[in-house]
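What follows is chain A paired twice: with chain B in the first complex and chain C in the second.
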Partner chain A sequence: MNIVTQTPAVKQKKSLGQRLYKYYNSQAFVALLFLIIPVGLLIILKIYPIFYNLYLSFTRYELFEPPRFVGLRNYKWVFQNDVTRQSIWNTLLFTIEAVPLGTALALVVAKLLDENFYGKIMYRTLYYLPVISSIVVSAMIFRWIFNPQQGLLNYFLGFIGIPPQTWLSDPNLALLSLVMVTIWGSIGGNMIIFLAGLQDIPKEVLEAAKVDGANAFQRFIQITIPLLRPVILFVVVTFTISTFRNFGLIFLLTQGGPLNRTNTLVWEVYMSVFANLRLGRGAALSMVMLVMVFILTILSFRVIRERQG
Partner chain B sequence: MKKINRRQFLKRTAVGALGFTTVGVIRSPFQTQFYSLAQGEAVDLTLMMVDYSDPVKTALEEVIIPMFVEENPGSTVTVNYSDWARYNEEMTTAFAAGVTPDVFQGGAVWSPQMARRGWAYPLTDLIAADADWNWDDFPPGIQSDVTVNGEIVGVPYRQDLRTLWYRKDMLEAAGFSAPPTNWDEFLEVAKATTVKNGDQFEVEGYHLSHVSDGWQRDWQPYLIWLEQAGGQFLSDDLTKCMLDQEPALNALQFLHDLIHVHKVTSYPGLEPQGDLQVIVAGDAAMQFGNADFERIINLYAPDQAGLVLPTLPLTGAIQATHAWVNKFFVSSQSKNPERAWDLLRFLTRADVLEIYSAANNNTPPRQSLLEAPYMSELHRQVLAAAPYAQTFPQHPNLIGLFRPVTEELEKALTGTKDPEKALQDATKQVNLILEDG
Partner chain C sequence: MAVQGSNANPVVRNFPKILTYIVLTLGAFVMVLPFIWMLLTSVKIDSEIFGDSLKWLPSQFDFQNYSNAFTQTNMGRLFANTVFVTAVSVFSQVILGSMAGYAFARLHFKGKNILFFSLLATMMVPFEVLIIPVFLFVRAFPLAGGNNLLGQGGTGLFNTYAGLIFPNLISVFSIFLFRQFYLRFPHEIEEAAIVDGCSRAGVFWRILLPNSRPVMATMALFAFLWSWNDFLWPLVVVKKDALKTLQLGLSLFNQEQGTQWAELMAASTMAVVPVIILYLVLQGFLTKGAVTSGID
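Up next, the complex of A and B:
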């Protein structure tokens, strides 16, 4: 009798090269490759700077000497200093004035441009133009428009008997002037987002409402706006963040003045860092700004979600 | 050719992108090698200009830099341009990133700041070893402006002397045959030349400042009034703010009254018309300014020549004005500081400085250039203010100290705060910063 013995198959150990080649051909490697770049960039450009900024906010740092730990001194300065407190208030005021008004106007313009009429494309293009204009060019044009002596705005106001105003140097008008320019510059971008949202609303729903006797205004309030809530939320959040970050206009038009009335948090960060070279204070202000944006975003989510609910 | 599927294509693309990113972020060793090889030989230098106009650009690119290259065969100079509005942050970030130009221009308050931060290459030994270049040609006051703790940290290229300019036509129409010499006469002339339509100014008797001039707009003219009142910003030992003293208050009260009592200037003032300063545009009868008024008139408003004229600084408690001394620095981060000094030395050599100064109508800091052919009669009248000029105290954080002062000045000038209280508050805030170090 022949006995056939079977030796168990010995699992051949693969070389490092073979294992690497196998991994190279696996789906996990593809996934890793596609994740490593965005995640790496996210860490290098966003997460690390936030944590480094947090660290700096507890230090005194003037670039030419190593950072020195000062505990909460920078935060104490932020909340005890009149100028920084005013900058927090100005930032909130700027956002409260610009965001609701700018969002509402963009929605109204989008609704009007969603209708069918001759020249619709041209109007959409015209409204979108400010978005693609350079902020420097826009600011220069508005500086002329707001010029107290030769400005277009005062010229037109003169026709209805309103005396010339010093738009950028009157403490009561300067922030309002910036709000006007911000809204002008943002309507086009927000309008496009709203237009996309409006075109997603099923026509049947609007037609059913029409059959039920709802007029255009009622359809807009009762159907369009509720269905647009996610889009409105998106616009409000992104617009709030961009308003908080609005530096260019302040730099080019008012430089924080008059009487600090346009001195927002982002301008104060700039002045702390570049005029005073106090990077720790600038970092503390940035953290305060981050928290404020976070709170406002959460609030926006809550308000709009609750209404939706 | 072997076909690849979509997954393989994407994978290879991703591997390639990762490779390129890695190569991109790793510092190239070749650059360092290039610089070290270049020591003592031909070298590529970088120059940052901020104080320039179109004629300066032309002079630099067509005359000055080619001259340098000719004298230093094989060397090249890359010129970058900036503007004052963003210059401070541009240079700050350049130093933070370690990518500074070899030679760069700086403003009037930069010497102590650069010295404290260690960003200016010390020049004392290089200057001492270079007798031909003639450091003694710079007046002692200007030399001391760039000497910090006994070390020369920069070389002046311009003295921005500001004095009172007036419109001869407006003064004559108001019955004055000569410009004012003191504060009382000034007030009299300002009252007589102011033209208003209701509440609106058509002509300001005196133009103080305007919004588009940036956040230091009130501080700069106030400084001149302060010096004429016999006051000073900081104590001599730089430890205390002196704005709560009587001369400072006299100066601010005088300005406040010009706006709110005598109403001879609007606040904020009328805006310039394009490149034309308010006085050149005919919107003001008197304004402080430098020789740039003459350059603008020659370039854009030749019909105004002979109508807008400079005069000696006014006398308050004393006859005084302020000079902003601008300078070139060699970066402490330059990989070739001695070659950078060669460039700086060349740029501030009398014959080259004359070309630059003539192109920008600058008042030169070298005494030997004061009789240069380009110095017009008008320019010499501006220069006559030099003996009365004061410069900034040498505190390393002047810009930081200016900020609370500008804010309080604005409150006083708008009439929202009593001038005395504003100056007391400014002094308190400046002293806090001084104590903070």
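Up next, the complex of A and C:
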């Protein structure tokens, strides 16, 4: 922190007390006073760990002996090992299956809730309920809903002639099951962000389009969505990051299985560190995760900007 | 919808509105059904849960599941732990966030923008990515848990309340939220107070902080949800039963009990209902706060 104190301009002799007070009351000193704890904590929790993690990713570290430098060996392991390669693929697949559909649904719900009608607040609260429920509670409920014998999902699918599925233990359905829970849990939060964005769209523009004969669907596609682009970008990026972080559901519902079909990167980080005590490998995996978050964020910025131009 | 309103039939005229209602209601049903199913299951007896055909409503309400779940998970302890950890986290995030937010919004010092935007950039870094160094730091915390000054020899804050709370003491989001709020706060009041001889720190404590109730409520709600619902960090930092949080206890209950669905749903209900109540209460406060968010 570079904090330059404003030296008091000494025009007439001042007592020591006055000079001290002036120093104490200077903007730089108050800023130092107010920032030292929050910034100190953030350095410990957010900034130093990035660099230490980078260092650890080049070492072999098994917790009970000091880290030993091994160069790129951990990264080689990440990209050559079948399980970790699959985890990178699964992370992407999870995001691709959840984010576009989940974002679109949240946008549609927000658009429908943007009108003034009776019961609006009640609907908004109902859609928000899954967000305030914890990942553990959601996982417990859905574990029961996915149950092959007494589960609610198979019960409903029975009406349209689909035979019972073993959702969480079927290699082809496990990731899809997690995607369903994720979308269910995300609509409310993204909807709130979209609602805020929709409020900022000038009503005159929509009215003008209406007068010109554009129907509701055309207005939504040709006016609302283009004007909402920055908000959509924000939702896509934060939603993507949150799917990357989705550890709880995997831990509680599939444990990375069956046949490693749900072992996303965050799951492999957890396994390498807390199950196998290979901290260097875990660090390399989390650096890969960080780079993926970074690239995806930049890509989404690009895509949105190009479409706008 | 009024422009096309030349049609006299009210059903046809109101068709878009009716369609909106139908779609929204179907969607809301999907959102809420899992919770209803949780509640219904939690009061059923086993024979109704494992019957051949699915029964929606229980023939009798069996609240035994709740007391069983409460004693088996030691829920009183889980609750107390979670309330304590959450209360400290919320308080700390609100106070530290408002202090830093004030400094970034109202004070001038060299390197302010660089510092602020580098902190903001860390918001993009998921906590899960940094869990190894944070875990190692907590475990090597100096002079705690048998550690020496260099953090060697013991387990540091591992398996302690302090370790549970530590990563939740601060959030960049809180700093950002308070900064945005203080940027819009009228300068005149602050200047008048300084002319009247109030110190800068006094301006913050006596004028800005008491007037930031709406943003405090918003932040408190977020911090509450994060801390109350946190799962990964408690999972890795706490191994002692006495320190376990509600989410951790709930997740383990499942493993031990296997297919005790009624009791599992009862435990889930007990874990989620306080959050829903608090949300509804704070939501009322938030909507009120938005109306009166000016200066008293």
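Just so we're on the same page, the second predicted complex is superposed on the first by the 284 of 309 C-alpha atoms of A that agree within 3 Å, B and C clash if a C-alpha of one lies under 4 Å from a C-alpha of the other, contacts with A are read in each partner's own complex, and residues count from 1 in each chain.
The criterion applied here is as follows: a contact is a pair of C-beta atoms (placed from the backbone, for glycine too) under 8 Å apart; a residue touches a chain by one contact, two chains touch by 3 or more.
Note that the coordinates shown come from a computational prediction; the quantities given were computed from them, not determined experimentally.
When both complexes are superposed on chain A, chain B and chain C end up clashing with one another. Looking at the shared chain after the overlay, A:83 reaches chain B, while chain C stays out of its contact range. Between chain B and chain C, C contacts the larger number of chain A residues. Contacts of A:33 after superposition on the shared chain: both chain B and chain C are touched. Shared-chain residue A:271: touches chain B; no touch with chain C.
Residue contacts after overlaying the shared chain place A:59 against neither chain B nor chain C.
Of the two partner chains placed by superposition, only chain B is touched by A:255; chain C is not.
Of the two partner chains placed by superposition, A:74 touches none, neither chain B nor chain C.
Once the two complexes are laid over each other on the shared chain, residue contacts for A:177 go to neither chain B nor chain C. Residue contacts after overlaying the shared chain place A:293 against chain C, while chain B stays out of touching range.
Of the two partner chains placed by the overlay, only chain C lies in contact with A:117; chain B stays clear of it. The single stretch of chain C with clashing C-alpha atoms against chain B, selected from 1-9, 109-117, 199-207 or 217-225, is 199-207. For the contact definition in use here, the residues of chain A common to its chain B contact set and its chain C contact set are 30, 33-34, 37, 143, 147, 149-150, 251, 270, 273-274. Contact residues of chain B toward chain A in the complex are 7, 10-11, 14-15, 17-18, 21, 85, 88-89, 92, 95-96, 116-119, 199-200, 211-212, 214-215, 268, 270-271, 273, 283, 397, 399-400, 403, 407, 410-411, 414, 416. Touching chain A in their complex are the following residues of chain C: 3, 16-17, 20-21, 23-24, 27-28, 30-35, 37-38, 41, 49-50, 54, 96-97, 99-100, 102-103, 107-112, 115, 118-119, 122, 124-137, 166-167, 169-170, 172, 175, 199-201, 204, 225, 228-229, 231-232, 235-236, 247, 250-251, 254, 261, 264-265, 267-268, 271-272, 275-276, 279-280, 283.
Those residues of chain A that touch chain B in the shared complex are 29-30, 33-34, 36-37, 40, 62-64, 83, 143, 147-150, 163-164, 166, 168-169, 171, 251, 254-260, 270-271, 273-278.
Interface residues of chain A, counted against chain C in their complex, comprise 1-4, 21, 24-25, 27-28, 30-35, 37-39, 41-42, 44-50, 52-53, 56, 109, 112-113, 115, 117, 123, 125-130, 132-145, 147, 149-150, 152, 155, 184, 187-188, 210-211, 216, 241, 244-245, 247-248, 251-252, 266, 269-270, 273-274, 279, 282-283, 286-287, 289-290, 293-294, 297.
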